[in-house]
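The structure's right below; bear with me while I get my questions together.
So that you can tell them apart, the chains are marked A, B and C in the order they are listed, and the count of residues begins at 1 in each.
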Amino acid sequence: MAKETIALTPAMPKCWNPDSKPHKFCPGCGHGLTLKMLGQAIDELGIQDKVIFGCDIGCSLLSWDFFNVDSVQTHHGRTTPVITGIKRARPELIGIAYMGDGGGYAIGAQHLVNAATRNEKITAILINNTNYGMTGGQMAPTTLPGQITETTPFGRDPEDSGYPTMGPEMVAAIAREGAYVARGSMANLRQLKRFLKKALENQMEGNGFSFVEVLSSCPTNWRTNAEATWRFVEKDMAEHFPVGEFKVPGKKEEK
Amino acid sequence: MKEKPVKGERRVFMTGNEVCAWAALAADADIMFGYPITPQTDIMQYWTRLAPKYGKKFLQTEDEISAGFTTLGAVIAGKRAFSATTGPGNVLFQEPMSMAEMMRIPVVLIIPMRGGPSTATVIYSQQEVTMTAFGGNGEGFRVVYSTAGHQDLYDYTIKAFNTAWKYRFPTFVLSDGYQGKMRESLTIYDPAERGIEMVKAEPMLGLPGIPGVDRPTRHLRNTYNTEEELYEVVMQIARDFEKAAPEIVEWQDFDTDSEMDVLILAHGVVSRAAQGALPLLKNEGIKAGHFRPITLRPMPEEQMRAAAARANRVVVVESAYGQFLKLVKETLYGMDKPIDAILRPGVGITAEEIVAEIKERR
Amino acid sequence: MRIVEAFIGEYASGKSENAINRALELLRRNRQVTIVDLDTVEPFYTLRPLKKKLEQLGLRVIAWDPAETTGLGEAGSLINQQMIWALRNEGDIILDIGYGAHGARILNLVEGAQDDPDLRLLVVVNIARPMTASVEDIVQYVQGLGTVHGLINNSHLGNETTLDIIQDGAVMVTEAARILQLPVIYTAVAREFAHLIGPHDKAGNPVKIIELFMHEAYW
């Protein structure tokens, strides 16, 4: 009987805050899965007492009490500088800046760019779900050409509103040796966890800036059922946003 | 133990911006974040020259928004962090200062005011009073010291750190472009030797032990989405601010003990012109006094009203087009007292000019 | 026979008022009724604040309670499990659907909506809304929504409503419905216009008196 109970309980990462579960992301949202992988990575690295988790405005803010790690919810786009300040003040801490595509690529783009060029020793994780979820599905920097959103009601016309931001490609181009840059997807959770773990290890080793973009779903604002949601993440998004590692620091021990 | 930057007491000759950097060192500030803008930049320049010697840190950020938020991050992590800015930089600083107000994050910002609106001049003004006291989306739960000379700059920069960390309101030291660049002598000192104990900077996050296991987890937020919840939070801040106000307010008065023909109200460096005007007015047979609020927020209301009660009329003098005047009107509300004003936005004012204006308007 | 109706329409067209009134009308016929808030675009300007009151009146309400949304952020654009499985409830179901560029596609999120034989989508139209102010605009707007089953004339000007605007709306909505080959279900009027207009509007559509609730919501 006891065994059966265990089998039925979904495994919750040790560093999750049980008081805030079940979490409040919409069913089918990619945030929950990403944060589960992040939680497992924190557990496996044994850094629950060292992590400072910062979250942005937008749906990412729903994670403000998600973990049993010390956390701060900031302003829209400003999580990168807050975590930078914390890390500069206390280098022994492990700073995670968790944000959406609006926070990282639009209103806080200057912070992402400059943190990357300065090689700030923090880990930034950015959820790309091709729209602004919390405000009700407006165009994001990552909205795909032709995609309908509340501010592109006739589909995004790149002539008019530009092409989707290629975040990891940009960060990889401006970051120097020591940076870790990758794009993962909720469609491949094992790989995503590997990327997140490497992004944390890179900070722990003091190498430099670590950045992981995550292809993620927003069925609520996409108005998609499970099948269409999955197709959009796996096919449409992956076609525009290649998944993989863009910059990996050379192994130190090999020197 | 690290070497103390200022030992004992000594008389020195410095620029105002240099004084601010020394005062921050004497107050044992740990780290400064900033973005260059005239006439603030030399605070950063002196800090970057002095800091490494005493194990202090500095980061030049990509803009003032980032300077503000990195400062807050360092404070959250338990450091005595500060920044300095002015003019359009102060505009950008309003966003992080608003977060500090809401989350009770102590922070010190030094502002040598420049001309406005917009880019205007890099020289001098008193035009950042409204923004500094009441900027951001919020209620102005802030402390603003307005300095009138280099000794003030030293004393109140040190004091600002203790006010901020004791009461947990963002605390501002207003200076101006003249003061930043002008040179005069002052006494610098080790606060400890004057019995000033620096309030300890405690971390808000990153405490020892495993969160949720050894101790409760710290979850800081500034987002509320029911009216009731926000109301509770804001009213608590308001009550704390009202309670602290009488302990925080500071002022100076000159010749205000007896009946006056005219009471001159001025703050900051303009107060020096007002002080200079008093003997000149006396020679002209005009009985004048001067009241200078040192804290513009909270305002020493009772004290200003008491001084005004003894004068036939009040003259407000400022290098702005009525920003301090508004605060005065609010403070003296309900008193049957004529209020006149000498308003010189972005322009310096001499003692002689004040005398001439007062004589003319008599 | 189970009644499943979704009220859809442009921003501020009167969807929620009509949905609430329909739900209460069914309740008065001693039917079991569930009302579902599916507005994800402006989720803080919906029937959420009325949840308690409507429950006291006897409705089952599926909507976020403001108290549940603590720390959810500025808008809290969220769908929950109850909403997704709303159509599995017993009895009648009234869905209040928000406006948005995706139109009726929000129903893709609701399990079983694609093949529910009872589901009828009703479009609420107010000709005082600039985007549905002409027959042509109404036709174009409704065509962009996907499959719908009927139109409701909800033309009014708030406190400045006149009988003329209601009747003008009736004529326009009826003409649009003819082009779209859809029925006009009714013309909605506030109680004070009941005696002025009578049981049918100018175009012969039945008139329904609606009580106003939304002014009690926060905005």
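The definition used in the following text is that a residue touches a chain if its C-beta (ideal position, glycine included) is under 8 Å from a C-beta of that chain, and two chains touch if they have at least 3 such contacts.
Keep in mind that what you see is a predicted model, and the values were worked out from it rather than measured.
J.: Once every inter-chain C-beta contact is counted, which two chains account for the most?
T.: A-B
J.: With centres defined from CA atoms, tell me which chain sits nearest the overall protein centre.
T.: Answer for the innermost chain: A.
J.: Using the average of all C-alpha atoms in each chain as its centre, how far is it in Å between chain A and chain C?
T.: Distance between chain centres: 37 Å.
J.: What is the distance in Å between the mean C-alpha positions of chain A and chain B?
T.: 39
J.: What's the distance between the Cα centroids of chain B and chain C, rounded to whole Å?
T.: Chain centres of chain B and chain C, defined by C-alpha means, are spaced 55 Å apart.
J.: Would you mind listing the residues of chain C that make contact with two or more other chains?
T.: Residues 71-74, 76 of chain C each touch two or more of the other chains.
J.: So which stretches of chain A touch two or more other chains?
T.: 57, 61, 64-65
J.: Multi-chain contacts in chain B: which residues touch at least two other chains?
T.: 221, 223 - these are the residues of chain B that touch more than one other chain.
J.: What residues of chain C sit close enough to touch chain A in their complex?
T.: Touch residues, chain C against chain A: 40-43, 71-81, 84, 100-102, 105-109, 114.
J.: Which residues, counting only chain A, touch chain B once they are in their complex?
T.: My answer: residues 15, 17, 48-50, 52, 57, 61, 64-65, 67-75, 78, 81-90, 93, 110-111, 113-114.
J.: Using the touch rule from the top, collect the residues of chain B that touch chain A in their complex.
T.: Per the touch definition, chain B meets chain A at residues 30-31, 33, 57, 59, 61-63, 65-66, 68-79, 81, 95-96, 99, 203-214, 217-223.
J.: If we count contacts the way the header does, which residues on chain A are in touch with chain C in the complex?
T.: These residues of chain A touch chain C: 24-27, 57-59, 61-62, 64-65, 133-137, 148-150, 152-153, 219-221, 223-225, 228.
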